[in-house]
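Have a look at the structure below before the remarks.
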Amino acid sequence: MSAEIPEVLPTGQTGARRRGLRNHSLLIGAALVCLVIVMGLLSFVWTPHNPTLVNPAARLQLPSAEYWFGTDKFGRDVFSQILVGSRTTLFVGIVAVGVAGVIGVPLGIVSAMAPNWFGELVMRCNDLLLAFPALLLAIMFTAVFGSSTLVAMIAIGIATIPNFARLIRSGTLQVLKTEYILAARASGRGPFAIGLRHVLPNVSSLIIVQASVSFAIAVLAEAALSFLGFGTPPPTPSWGRMLQESQEMLWSAPRLALFPGAAIAVAVLGFNLLGDGLRDRFDPKLEDRR
Amino acid sequence: MTTHAAPPLAQDVLTVTGLGVSVGDRSLVDNLDLTIRPGERVGLIGESGSGKSLTALALMGLLPEGLAATGSVRVADVHHDIVGADENQLSRVRGNDIAMVFQEPMTALNPTMRVGAQVAEAMLIHGTRPTRRAAMSAAVDLLEQVGLPDPPGTARSYPHQLSGGQRQRVVVALALANDPALLICDEPTTALDVTVQALVLDLIVRGVIDRGAAMLFITHDLAVVATVCERVLVMYGGRIVEAGPVQQVFTRPRHRYTQGLLAASDLSVVDDRGRLATVPGTVPAAGQFPAGCVFRNRCGHATDVCASTPAWTGQDASDGFACHHPAPASEVGHG
Amino acid sequence: MALRLLIRAGILLASVAVSSVLVFAFMAVIPGDPARVALGVNASEAAVTQLREEFGLNRPLLEQYLEWIGGLVTFDPGLSYVTRSEIGPLLADRVMVTLWLVGTAMIVALLVALPVGAVMAVRHRQLSGLTLSALSQVGVAIPAFLAGILLIALFAVWLGWLPANGWTAPVVDPVMFVKQLILPATSLALVQSAVLTRYVRSAILEVLREDYLRTARAKGLKPMQALVRHGLRNAAVPVVTVLGLQLSTLLVGAVVIERVFVIPGLGSLLLDSVSQRDLIMVQDVVMVLVVAVLAMNFLVDVLYLIIDPRLRAGAR
Amino acid sequence: MKSRLTSRTLALLAAASLVTASCSAGAPGEGGTGTDQGGSTAGGGSADTEELSIGFGAEPENLDLTTTAGAALPQVLLYNIYETLVKVDQDGTIVPALAKSWTVSEDRRTYTFVLQEGVTFSNGDEFTAEDVKYSIESVRDDWTISLKEPMDIVESVEVVSPTEVTVTLSEPSNSWLYRMTTRIGAMFSPDATEDLATEPVGTGPYELQKWTRGDSISLSRNAEYWGDEPAFETVNFKYFKDPTALNNALLTGTINVIGLLESPETLGQFEGNDKYQVIEGTTNGEVQLSFNNGSEPMQNEQVRQAVRHAIDHQALLDTCWAGRGTLIGSMVPPTDPWYEDLTGLYPYDVDKASALLEESGHADHTFRLRLPTRSYATSCGTVVQSQLEQAGFNVTIDQLEFPAAWLNTVFTNADYDMTIIAHTEPRDMTKVFGDPGYYTRYDSEEFRDLLQRADSGTEQEEVELLKEAARLLSTDAAADWLFVLPNLIVAEAGITGLPQNAVSESFDVTGLGRS
Amino acid sequence: MAEQSPAIRVRDLTRDYHRPRRSLLRASPPVHALRGVSFDVAPGERFGIVGESGCGKSTLLRLVSGLDRATSGSIEIEGREITHLSTRRLGFLRERLQLIFQDPMSSLDPRMRVADIIAEPMVGLRHPISPGRVEELLQAVGLSPEAATRFPHQFSGGQRQRISIARALSVKPQILVADEPVSALDVSVRAQVLNLIADLVDELALTLVFVSHDLSVVRHVCDRVAVMNEGQIVEMGPVDEVYENPQHPYTRELIAAVPTLDKALAGSGAADLAAPTGADQP
């Protein structure tokens, strides 16, 4: 073939530009998520005050140079608690999404690749699990194993498995229909290699999107659990519990609800936007249309 | 350009002047002129990315969001320009004066609505049948006309219960429901098997002839165009590169692209090594064609002069070509 | 179609059966002796033993399970361990309360989400669409209980327009019922509608790209007409799916909202029963919730059949 | 095994719900005078004395006093629906109720009660000496809750005449008559014991109108009541799990009175507002940092002392209960006659605490502070943990769901080092530390001896000996008493008859009115 | 050649599919995708299979390449029976027979680099991969070596088909099976790919099985053709013979329905194409 012909097509600029437009959400989401992560990392090396130190002399201070976000009724620095609380939030999300992903993703892939009856069975079990809402499961789990963030989040993770499994299964079925899977089989690849080399990379965008959205849901669930008294036990700072503790002060010190409330909203918004942005970016349907 | 275009001649069904389609500052269809007279069947031929489907959509005022049309599109008996008209005006023209048959029969019909109702709807919208009942019975008649078995039964079916060929017949019935003056067909048989294609082509041609309608037939298949059309326009890179009667264009192509296309599609001619004639390179993605002559990066005859846009050679828009180095008029490109 | 319905109904029954076993098994491992908790810790050992006897807690698990499930199936769940009163009527009351709350929230959410989502989709490149989209994102990010707390602070405590909490049955005092329903239903609906709006938006965006919508417009339908006549029904499929899935979110949201607004619904009954170790009550409430979700899934399936004729053929 | 650990346990439940009794028995002027009008402020009230709604935290599980423990139950039932022979007034004096008068024999073992005449139960039955005999004997024989224990010393009950009854104890007891003012002294009709859990029948000024489970209990005036007619036609006890919801209910007029405010930080919302009155008194509720005296490391006295020295009680009260409440140094609230300020025994001294901890050899131990899921426990626990850590303790907090999980783990199995719980039962020192099997696992021969002698001695001796017992308890550092819960009542201005101190188990609504 | 066992020998091959039930009472009748197909392909032969959608040609192709199981009948590849072999024992088949697919968009894993795509059969069949092999293959199909590090979406349809061909050739198979390799390509590019296939088949002395719905393409590429309809081979023979003198009515109908420039320019219209055909099958 003649050499002067450009072999590589520049990627359609239309797509790129449109993606750019749409991906405000990706940018904002990524920025908010980074903010939460940076806060969490920072809190390991520095907080302005000891976040759990009760200091009756400094209770209910207004925001000031010393206490950026003021102090709560125990005289603890709210800003330090928000910083350390982001660790709890990240931990919560990572555990829940981790449990759901580590079980749900292989389950989804296997159920799609396995014989039909097996896949159906897995999906029926999935539907069954779906009937146990996350919070319900978390309450039941804490009743059995005692209340701790880890237990609650494992419960939420388990409740999230069906979301992953279902999505990944349908994604896998899509991938399995493609000719490159046929090509891989014709190349002598076994099912394991196909699952790992072809299916997994091609559903990875789904996984990332779902993980991001599930992360947001887990953060909300932790807040709700803390509110009900099933969540993170004191003294570990947790935004959800801060919100719950601030409730009685809503009238006299509304700022105590404002900061953790905003922090939760920022984290959830961040992960949701990130998920949305990634979905737009990955969705081939959006790219190919003109 | 759009506003002071001359009013269409009484006998012209469609008059397109200087039509352009662009996204942002990138042009996808450029300065397209086209006239179709009543009862005329015109083919628009081009490969993927040539802008032929966009042209069809622009004629219907159906361009997707973000794409803008310029120039003028006038339709007989419509007192406004299609380009720049608002949705209210356009909706009165679509399906009534101009109708369209789309490429993909599997997705062109609403999956949740019975096909009879979908056909009847076309008539009810434009009030060409007085009542729902009349429209339904007219729909059944139409289904019969397009050769569907058991028309009343078919009318009660949902699209998924019909085969691809049958669905395309429904789409044709739908398009012909209001006896449009112009039928635009965008690759109507590409997704069909050859035997089915033959039937649907026959159906379309008969439908058009019976109604005295004109037709614009868009396809990438030279043989199909030659079969159903009298006149043809060859499109490449968003431009009409050659136009003329089918016989003339397909036997004595002037533009080097037309020539190459004809040669490459003829599988019965091989060189001494048994190889087919080829057009080198690949069709660029839409909007990625070179400036000047859009074909110059694949053309064996291209020179520096091709960096400038070649002028139209010929008596009018319906007969001529745009090439700096045309094939000699005597050269036979085919057979 | 009948076959598909039958299969689905079969799956529903099987799921209910399996989940009842799961729920029962789970309750069996929860620490805390229901009899002791029922009597208060300082009850005499003899009394505890007697109560265990009375409740049949010392019988084999299978027997207990069968009796429990028998009671549920015959709508006669028996007596609570703790309140010593009939569970049946209480459960019925609570279901009604939660149904009102969740139902109202769902309807309000839909009424908001459908038009707003449609506008967001149709104008997804315009400022109005983007603004609504951003608002809905923020809505999704706010926990329902926080919304509830803020609404109370604003409309009840500050403005004094509506009661801060409480519940009145509609037959007792319809006006009070409505007044007390507004804030909790709104808090639930706010978050729900934000979520739903996003799904409606993407469903309609999806439909807007469909070929048949272009066909409809080529027929002469105006864009909005085409969307309404041909798009909505098709967009309904993913939205209905989400509705089904959201029900469980909504029920869970109701648990928290009932706590915030002091509403005697299923959610507060669940929390109370868990903390009182009124195991039979917990089992019953959980089963009611689970059956509700499963039934909703079944309904969603039936709705699919109504909405999408392609599924009626039995093809998957 | 632990059938002995009966008695005050109830208190715990009470504590749990944190709903102490409040109103007194003999509120001065006595019922009657259901004074008129008085503009009701917030929207709740229609015609003034027609209806009154009082908000509380925890709802009773059922209405059966004989088998169900918990503070919420006597709060609504006692003195309102069920009456006792004798009541206790705001000063702690025992005054007549269903018994017009009573005499005590020389050997202090026989009590003779003369009953009011013309008293009927709400089911129409007449109240006679037979009912007294039945009620007292059924406590001894049929009741299952541990609180019935004080009735065990009743040897016999004899009906002298329809209006006269004698009770003979097996030995003298100072506390028995006092206990007769509590729920175990409630008078039942033997004909109406079928549905105690849902349909209580008593002689009181009110009868049960409606119980909307999970929401409220409505009482309506008993038309046949023998005594003075209470002011309010209907009284609703409304229940709010969440303290903020309780406040909001008063602020928006859903209720007229907050029976016990559990979020003292919010008092600012009401104080200085003419629409509301705030009553601040004291209760029997000791918020106690309990130690597990039965096992290491808390078995070690130095560790216990270290803890007591490590806690800055004033700071703790200020932070977790907005400075409201009373500091005590032992298990006696200021309203008891044998109260003595012992707060000086273990002054706040971090250095000393650290030193003691170091000496004890348990400095490396990780102490499990296992808290019930109650707001005061979480709140105080946060402070306690922070203060202990500053003295060098390693403390982890476990939250145990209340009641079930906490009762199981801490109360029954004593699987804990420290916990925080409010003991709200009146005069509960005896139970909490007098029984070695109780969850505090405090086992002191000397202490038990003092209690025994106090109960059987003269009243003067009782006071002296109990003071001594309380001092011993404190010196031993058997626990740390954080503070006594304040009796915080918030009501619409114009509601009268609200008690200053909560001295009984009942929230007696008969004395309430509107000015 | 006569002694040699045929490259592919298919005997009485059937394949039934089960549809989901539609009725409670009766099981849905099975779909007979293939009903008793038999043919031989000689070594070095270019064998075409022509038919319309749903005729069973794709099923046949999948069976022959060991990607699906036959209901009955036998397939021998170079004399070895493969019908009942487990997937794991099909290694020799993969060595001998490789595939080119129809859809240039979906036949290349979008997440893999071209080099990995081309090397995949070598990895799958545990061939040692010599350093220059991928570049060599790229060159053989007319792509520059730089293509190796790129991703499929950076190439046009025709170029992707070249990559697909390179992949098929990487393990040096004897038999090349092409499933509609040019039907998704632009006309001006189609000729390039057809030339490439023809060149490679010549050069490497491959046996070619070429499946297409396009009669003119098959006629150009193949020596012999089988016409399939409704799961059966209705006619088989040397291409020119079949095209010039079709015996079976279906073949005649099929050939008549194909529009060609020659026919059209000679004045044949749509009605002429449709003339011999009845109603289209549902």
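In this document, chain identifiers A, B, C, D and E correspond to the written order of the chains, with residue numbering beginning at 1 in each.
One rule holds for everything that comes next: contacts are C-beta pairs under 8 Å (C-beta built on N, C-alpha and C of every residue); 3 or more make two chains touch, one makes a residue touch a chain.
Everything quoted here is computed from the prediction, not taken from an experiment.
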{"item": "Chain D reached from chain B - shortest hop count over touching chains", "value": "2"}
{"item": "Winner on C-beta contact pairs when A-C is weighed against B-C", "value": "A-C"}
{"item": "Maximum centroid distance from chain E, chain identifier (CA atoms)", "value": "D"}
{"item": "Distance between the centres, which are taken as Cα means, of chain E and chain C, whole angstrom", "value": "53"}
{"item": "Chain B-chain E separation of Cα centroids, rounded to whole Å", "value": "32"}
{"item": "Geometric centre distance via CA averages, chain B-chain A, whole Å", "value": "49"}
{"item": "Residue numbers of chain E (touch at least two other chains)", "value": "156, 159, 192"}
{"item": "Set of chain B residues in contact with two or more other chains", "value": "66, 280, 282, 285, 298"}
{"item": "Sites on chain D at which at least two other chains make contact", "value": "242, 244, 373, 401, 404-405"}
{"item": "Interface residues, chain C side, partner chain A - complex", "value": "11, 14-15, 18-19, 22, 26, 29-31, 125, 137-138, 140-146, 149, 153, 157, 209, 245, 248-249, 251-252, 255-256, 259, 270-271, 274, 286, 289-290, 293-294, 297"}
{"item": "Residue ranges of chain A touching chain C (in the complex, touch as defined)", "value": "21, 25, 124, 127-128, 130-136, 139-140, 143-144, 216, 220, 223-224, 227-228, 243, 247, 250-251, 254, 257, 261, 264-266, 268-269, 272-273, 276, 285, 289"}
{"item": "Residues on chain E engaged by chain A in the complex (per definition of touch)", "value": "62, 65-67, 87-88, 90-91, 94, 98-99, 101-103, 106-112, 120-121, 123-125, 142-144, 146-147, 150, 153-156, 159, 164, 167, 192"}
{"item": "Chain E-touching residues of chain B, taken from the complex the two chains share", "value": "47-48, 147, 149, 162-163, 165-166, 193-199, 201-206, 220-224, 226-228, 246-247, 250-251, 260-262, 264-268, 270, 274-280, 282-283, 285, 298, 334-335"}
{"item": "Residue ranges of chain D touching chain C (in the complex, touch as defined)", "value": "1-3, 5-10, 12-13, 61-62, 64, 67-70, 144-147, 197-198, 212-215, 238-242, 244-245, 248-249, 251-254, 373, 401-405, 407-409, 411-412"}
